[in-house]
Each structure stands twice: as structure tokens, then as C-alpha cells.
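These notes are about the structure you will find just below.
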Amino acid sequence: MRRAGAVALNTFREAVRDRVLYNLVFFALLMMLAAILVGGISIGIEDLVIKSLGLSAISVIGLLIAVFIGVGLVYKEMDKRTLYALLAKPVRRWEFLLGKFGGLVLTLAVNTMAMAAGLFAALLYVKHHLERTDAVLLIAIYFILLKLTLVVALALLFSCYSTPLLAILYTSALYIAGLFVEEMRTFHSTAANPLLEALLRGLSYLLPNFENFNVMAAAAHGREIPGALVLQNTVYAALYSVIVLLVAAAVFSRRNLK
Amino acid sequence: MSPANSKKWLLLVLLPLGFAGVWELQQRIDIQRRAFEQERDELVLRSGKLVRAMSLEYAPLMADIYWTRAVQYYGDKHARHDPNFELLWPLLDLTTTLDPNLLVAYRFGSTFLSEPSPRGAGHPELGIALLMRGMQANPDYWRFYEDLGFIYYFELKDYQKASAAFAEGSKHPDSQIWMKIMAAKIAAEGESLSTSVFLWNEVYQTTKDPQVKDNAMSHLHLLRVEQDCQQLDALADEFQKRTGRRPARVGELVQAKLLPRLPVDPMGFPYVFGPDGKAVLNIDSPLLEQQLLQQNSK
Amino acid sequence: MPGHAIEIENLTKDYPFGFLHLRKKRSLDGLTMQVESGEVFGFLGPNGAGKSTTIKLLVGLIFPEAGTARILGKPITDIAMHGDIGYLPEQPYFYDYLTAAEVLDYFARFHDLTAADRHERVARMLRKVGLETARKIQLRKYSKGMLQRVGLAQAILHDPKVVILDEPMSGLDPIGRREVRDIILELKREGRTVLFSTHILSDAEMLCDRVGVIVGGKLRGIGAPGEIVGMKAQGMEILFELRESGSSARAVLAKAIETGDRYRLQVSEQELYGVLEQLRAVGAKILSVAQIKASLEEYFMNLIEADRAQAAAVEVSGK
């Protein structure tokens, strides 16, 4: 664990030095612009617009980082051979993977928290005060982070055995599929092939369901999110990530470095 | 067994276990989410223009996605007997703004926006508005006039406007001859059973949408029930003329040789006579519920 | 010193290639050898002979098709053993966003060291490889030679019992090579075992207790440098200056090659003293006398030629 921690901190340091956190500047500008303009165009729903826009931006920016850095996590180290000296140390390959995963999740957590602060600042600017219902935003942001964790795990898995370009393709394909599981399940109302229906239905329960984490609309309207859902989503993201990381570790443990 | 091998076996055991857990958890999350989403349906962006701007050159694709959502939204609500179709209009509005040439969306929308609850949203004015938009964007498509006449005829009972709509549509070179006949018939008689049957039958025969087809079939069933009951009442009158009393059971009509056998409704349940001596649906027939719902909404 | 530091048994490695990686090329073919505890062992061979493959197998970067190897008595699959080995990859490359001090500190974290011990070691290693002044510069600005030094520092940072260096001299200038040689000799003095690969004969000859020659994935010879065929001197070369060339000198100069104001003369070992006498007689100033050796490449080429001849002979006799 101590060794995985060292890898994680180094991965975080790499992200920082590679100026990944500069995206925050973009986010801050977006929030400022929205906060200033929103009063003029959307009377009555200023805070709604700020919330939806803020949450969407947090999600999109997080996804971009998770996918684009995630797919290079292992591949880059193999390609540049930075991994060689490391693996000759008393570190197991799964510890390395876990560290890489933890490092990017840490980066995303820091980044997301900074964006969350920005969102609340913009909200405060528009509304001049915060309400209790605004706390729902925190849950929505937490869900986004859970979603990003799962995306990182998937990207890491693909990073173990394919080039970044293909890994981006695989990861985004799974992500998009994971958004449409609901449609897969209700397919029966429009199609008649029972085999296809059963297949899609089974798949819809096994694919990573990213729609689980989407409570943006509820959060924007300040509706309560049940505590059970918070717990279930947490367990879901954790369990699914563990599965994916196990597969990644199995794939990577026997991989020959070129 | 080598350590590498035993790890492989462990993984083969752990993975199915893990996925079983995911499966189980997903069911719970679904239940949780359903309960929580029922409070209000979600549609963050309701401005078609904004969505169109955001979908760049992929507006038609987005339209297809919204169209799919609209169909599933209706299907899901309908299956759960949820009479609240609040989102049907915004979904169809978005769909047709994104792709104004998606003919099915207008036709589907005009039916289910106008039909009274629980079959539809009960907003014929929105149905008409949608059709007007459809006509503007697709002036060559005469069936919108049929749909317009339909709404005036069935939902608004405005037979003058219904007749006018059919007449207008019949001027279209592609339109079928019955449009002209309908225009005249409705202008002369207003609502009549035969007109209603004809119109629903036309929908039933021509639509490709399974939900629209189901809906038309259900209407046709009820219309047949109405026809059947009218006939049974007439036979009961005949029976009374002969025997001096109302028949208590439909079977008496058969015994009196007024009927060759016991008449059944479209679902196969025999008709009965109600306490007032009028023919009604069997209490066991699933059509009874639909009939009651329709009567309540009128 | 008793015991083997490294024991390699029948180690075999194939590399897949071609469409869908369906075809395989054997890059190491049943290698069996030992490295004694406390010796400096040179792994010699042309590029692509299987040196790097062997080293990568030893440190667990790749996995063998067949065979086993033990380091310090423990199988190479045992990660705990990695605490006692140091490894310098070929043309090492490290996180270029880190400074030399940071990268060493990072690697040090994988060994059980206290924070104070870690800092002390990192500072000592930077001094040892001569990177003290460049310690705060990001590695992206380092030259190849400087990276090699960082690589060496991380390999020996934790006082490993066995040090495995893949081409430690490549990419270095003469001063750098000298420094690496000094470090290897120091490691030997400290009683550590060193295995390094090279394709430069003089490096091996200067440092190694024993060398192993590997060509085409097979071990072709192992022993003290002098024992290996082809490493024996093939003659001597004399370098001298001659101001006035009288007629008496003509006989000697006939065989010499003139370069600038100097002459080079190649003679056999037996002739050496006679020729030196003659040169003194004509008043030449002797600058150096050196052994002439076949280059390693020539030696390798001879081995490969011999292989071909043998293969041809087998074919003929088979008919």
C-alpha cells in the first residue's frame, strides 16, 4: 500500500506539472461569464442555469481528463520505458496499477473539489445567499466523481494492452453505451425479437451504468436525493472499479514489456 | 498448482461473483431511482432552438434520440397506467424542432397529445398546434389533414371544422377519395358510429407505429361493443314486443331464435343485460375498464 | 567467495511478431550460466544477441517461455528479492517532469528506508554520479549521458547485493565512461556482484573477472577475458616520430604508415624488440607501443561465419 501510495503521489505530481489543473482557469472563466450574463438573459431561473451549466462543465471536464490521461497511465510508462527501472524495485505490478489509478482519482478529486468551490462561488454571486437545498449539488458532484472513478478504471484497463487512440475509443464507447442502458431495457416496447431483447436486457444490467450517477436535473431543482441511492451508487462504483482493476491486474501481471 | 494458476482460478471465481453483485445492486438502484424520479420527470433543456444550436450538425440524430425518448416515455407511462403525460409535449416539440420533417412524430403526437387521459395528455389544442407546424414544414403531406379532422371530430366534437379539415386535405392531389366523402358525411351527420369506425379503421390499416395501432384497435373494439350493444338492445325490444317482458339474460334471445348463438365481445366475453335491461359488457371483460375510462373522460 | 549470485538454467524466450503476433522469433535459446558472488561479470555480444532479453528476464520485465533463474538463491518471480538488486535499463528514461533529486527520492520510496536515510542517500548518490549541481533541473533538460548517470544512481541507491547494468557505458563521453568504470570497480571492492552487458570489448577486458559471450541467443563462450578466443593479441603497433630520415632508416620506414609528422608501424610480437632497436639506432622517438586486437565485431562475425559453415557442412553430409 505504501508503494502504491508513492506511485499515486507521483502520478498526481505528473498531472500537476503537466498543467492538467489549468482546466480550472477555463472553468472559472466559464462560471464568471455565466454568472455575469445569466442575470440579463434568463430571468427567474438564474440559479438553475448556473447549476446545470456548472454541473455539466464539471462532468465534461472531468470526463476529458479521466479518459485522456487515463488511457496513457500505463501505456505511456511502457512506451517511454519509465516503467523499467520502477518494476526492478520491490514493487508488484498490481501495486503499480493501483497507484496509477489512485493518482488519477486523486487528481480528479482535487480538480472536482476546486470546480465545486467555483460553482458555489458563482451561485453565491447570483443569488447572494445559499439555501439548504443547494447542498444537493454536493451529492451530484460526488456522483460525478464516482462516475469518473469508474471511467478511470476502464481507461486504465484498456491502457494496459492497447494504444491510447484505441483505448480512447473503447472507453468512450463503453461510456456512451453505459448512458443508454435504460433504452436497452425498454427496447421491448419497440422490438419483437425475444433473443435480442433478452441479450440487451442482460447486458443492460452488466454494463457499467453511468446513468445511475446522473442526478443533475434533480440537483438543479434542489430536490432531495435519497440516502440509499448515495450508498448504493458508492458501492456500485467501488465494486465495479474493483472488478475492472482485477481484470487489469490479471492482464498486466503477465504482460511482457517490449 | 502454481501461484500464477491459482490466481487465475481465483479470478475466474471472483469475476462472476463481482458481476452478480453488480447485477443485484443495479436492480436496487433502479428501484431507488424510479421512486425518486416519479416525483417529477426530467427534461433539463426545453428550448428546441437551444438544443438545436447545441447539437451542431447532428440535429437530425438528436431528433431521433428525442423521438425515441418520446415514444418510450409514452409507452412506459401507458404501461404503468400513469395518466401524467406532462413531458410528451416538450419532447415532441424538441423532436420536431430538431427535425421538422419527422412525419411520424407529428402523427404520433397529434394522437396522444389530444386523446383524453389516460390514453393521452388530453390537450387537443397542443395536438392541433403540432399538426399546424407539421403542415407548414411538410405542405405535401395530406394525412396531417386527416389527423386534424380527427381531432376536431373525436376530441373537440367540432364537426364543421372537422369537415373543413377533411375537405381541405381532399384537395391535395395525392389524397384518397374517402377524404372527400368524410368531409361531406361529417358535414351532414356530425358524429356517427359508421364514421367513427371508418376513421379508426383507416388509422389502424395505415399506421406502422405499434402504439398507434394498439390504440386504434382498442377504439375499434369499443366501437364494436357500442354497435353490438345497440343491436342487442334492438333485439331485446323485439323480444319484449313478442313476449311482453324484457329478457333477463342474453341466452333468452337465443332460445327465442332471435340469435343463432350467444354473442361475444371482441375479447371473447359474452354480453349481458344490465339491471336497466340494456346490453352491457361482461363484468369479466377487460374491455369494461377501457369503456369506463373513456366514458369518464368524456 | 562461495555461492552463485545468479543462476540461469535453460532460459528461453520467444518474441511474437507479424500478423496477430502469430509467428515467433526465438531471441534466447536455452541459456544456462552462473555469475559468482562478488565478481564482475561482462555480458558480451553484438546488438540483438539476447543480452538485454536475459537482463529483462532476470528483473522480471518479461517472462520466459521455458527455464528458470535464481538471484541470491531466490526465484526471479519473487518480488521481495528486488530489494537486493539494482538495475540500470538500456538507454534509461525517467519521468522528465521530475528533477534528478526527485526521481531518486521517488525510487528510494520503494525500499524500506526512513525519510532521513532517504534524503541522505539521495544526496550521496547525486554526489557520486556527479549530478550535484544539476540536481534541481528537470530531467527533460538532461543530456543522454546525464540520464545514464541518474540511471546508475537509482540502481545503486539502496546498496543492492547484485547490480545489473544494461549497456552502462553507451551514450557516455570518455570522462563519463571513466567514471562509470570507477563506480563498477568500487562496487566490486564493496563486495557486490556486478553483471553488465556491453558490446565494447575494452570495457569488458578492463573490468571483468569473467565474461560470457552471447551470439544469436546462445552462449558461445564463458571465462576470464584472456581465455576467450579472439581476445588474444594479434600483434603490436609502434607509434614514433622521426626528424631526419637518412638512408639507414629507409628499411624501417618502408613498412610504416606516415600520419602527419608521426609514423605507425605494425609488427609481430616476436619482431618487437628487434624493430625497437632499429628505431633507436636511426634516432626515432618512441611515443607508444600497444597491442592490436581483433575487434569484438570481428570476433562475433567469425562466430557467425563458423555457424554458417557448420550448418552448410551438416547439410552436405546429410545428403
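Chains: A, B and C, in written order; residue numbering restarts at 1 for each.
Throughout what follows, a residue touches a chain if its C-beta (ideal position, glycine included) is under 8 Å from a C-beta of that chain, and two chains touch if they have at least 3 such contacts.
If you're wondering where the values come from, they're calculated on a predicted model, not measured in any experiment.
Participant: Where the centre means the average of the CA atoms, what chain is farthest from chain C?
Facilitator: Most distant chain from chain C: B.
Participant: Taking each chain's centre as the average of its Cα atoms, which is closest to the average over all protein Cα atoms shown?
Facilitator: It is chain A that sits nearest the middle.
Participant: Could you state the distance in Å from the CA-based centre of chain B to that of chain C?
Facilitator: Averaging C-alpha atoms per chain gives centres 84 Å apart.
Participant: Measure off the straight-line distance from the CA centroid of chain A to the CA centroid of chain B, and report it in whole Å.
Facilitator: About 41 Å, centre to centre.
Participant: Quick check: how many Å separate the C-alpha centres of chain A and chain C?
Facilitator: Centre-to-centre distance between chain A and chain C: 48 Å.
Participant: Two-or-more-chain contact residues of chain A, please, as numbers and ranges.
Facilitator: Within chain A, residues 254 contact more than one other chain.
Participant: Inside the complex, what are the residues of chain C that reach chain A?
Facilitator: Residue list for chain C touching chain A: 56, 59-63, 79-83, 85-89, 91-95, 97-98, 106-107, 109-111, 151, 154-155, 164.
Participant: Given the complex with chain A, which residues does chain B contribute to the contact?
Facilitator: Spelled out, the residues of chain B in touch with chain A are 4, 7-8, 11, 14-15, 18-19, 21-23, 25-29, 32-33, 35-37, 39-40, 42-44, 68, 71-72, 75-76, 79, 210-211.
Participant: Under the touch definition given earlier, write down the residues of chain A that touch chain B in their complex.
Facilitator: Interface residues on chain A, with respect to chain B: 52, 183, 186, 189-190, 205-206, 209, 212, 216-218, 220-221, 223, 225-226, 228-229, 232-233, 235-236, 239-240, 242-243, 246-247, 250, 253-254.
Participant: Could you pull out which chain A residues touch chain C in their complex?
Facilitator: Against chain C, chain A makes touches at 2-3, 6, 10, 13-14, 17-18, 80-82, 84-92, 254, 256-257.
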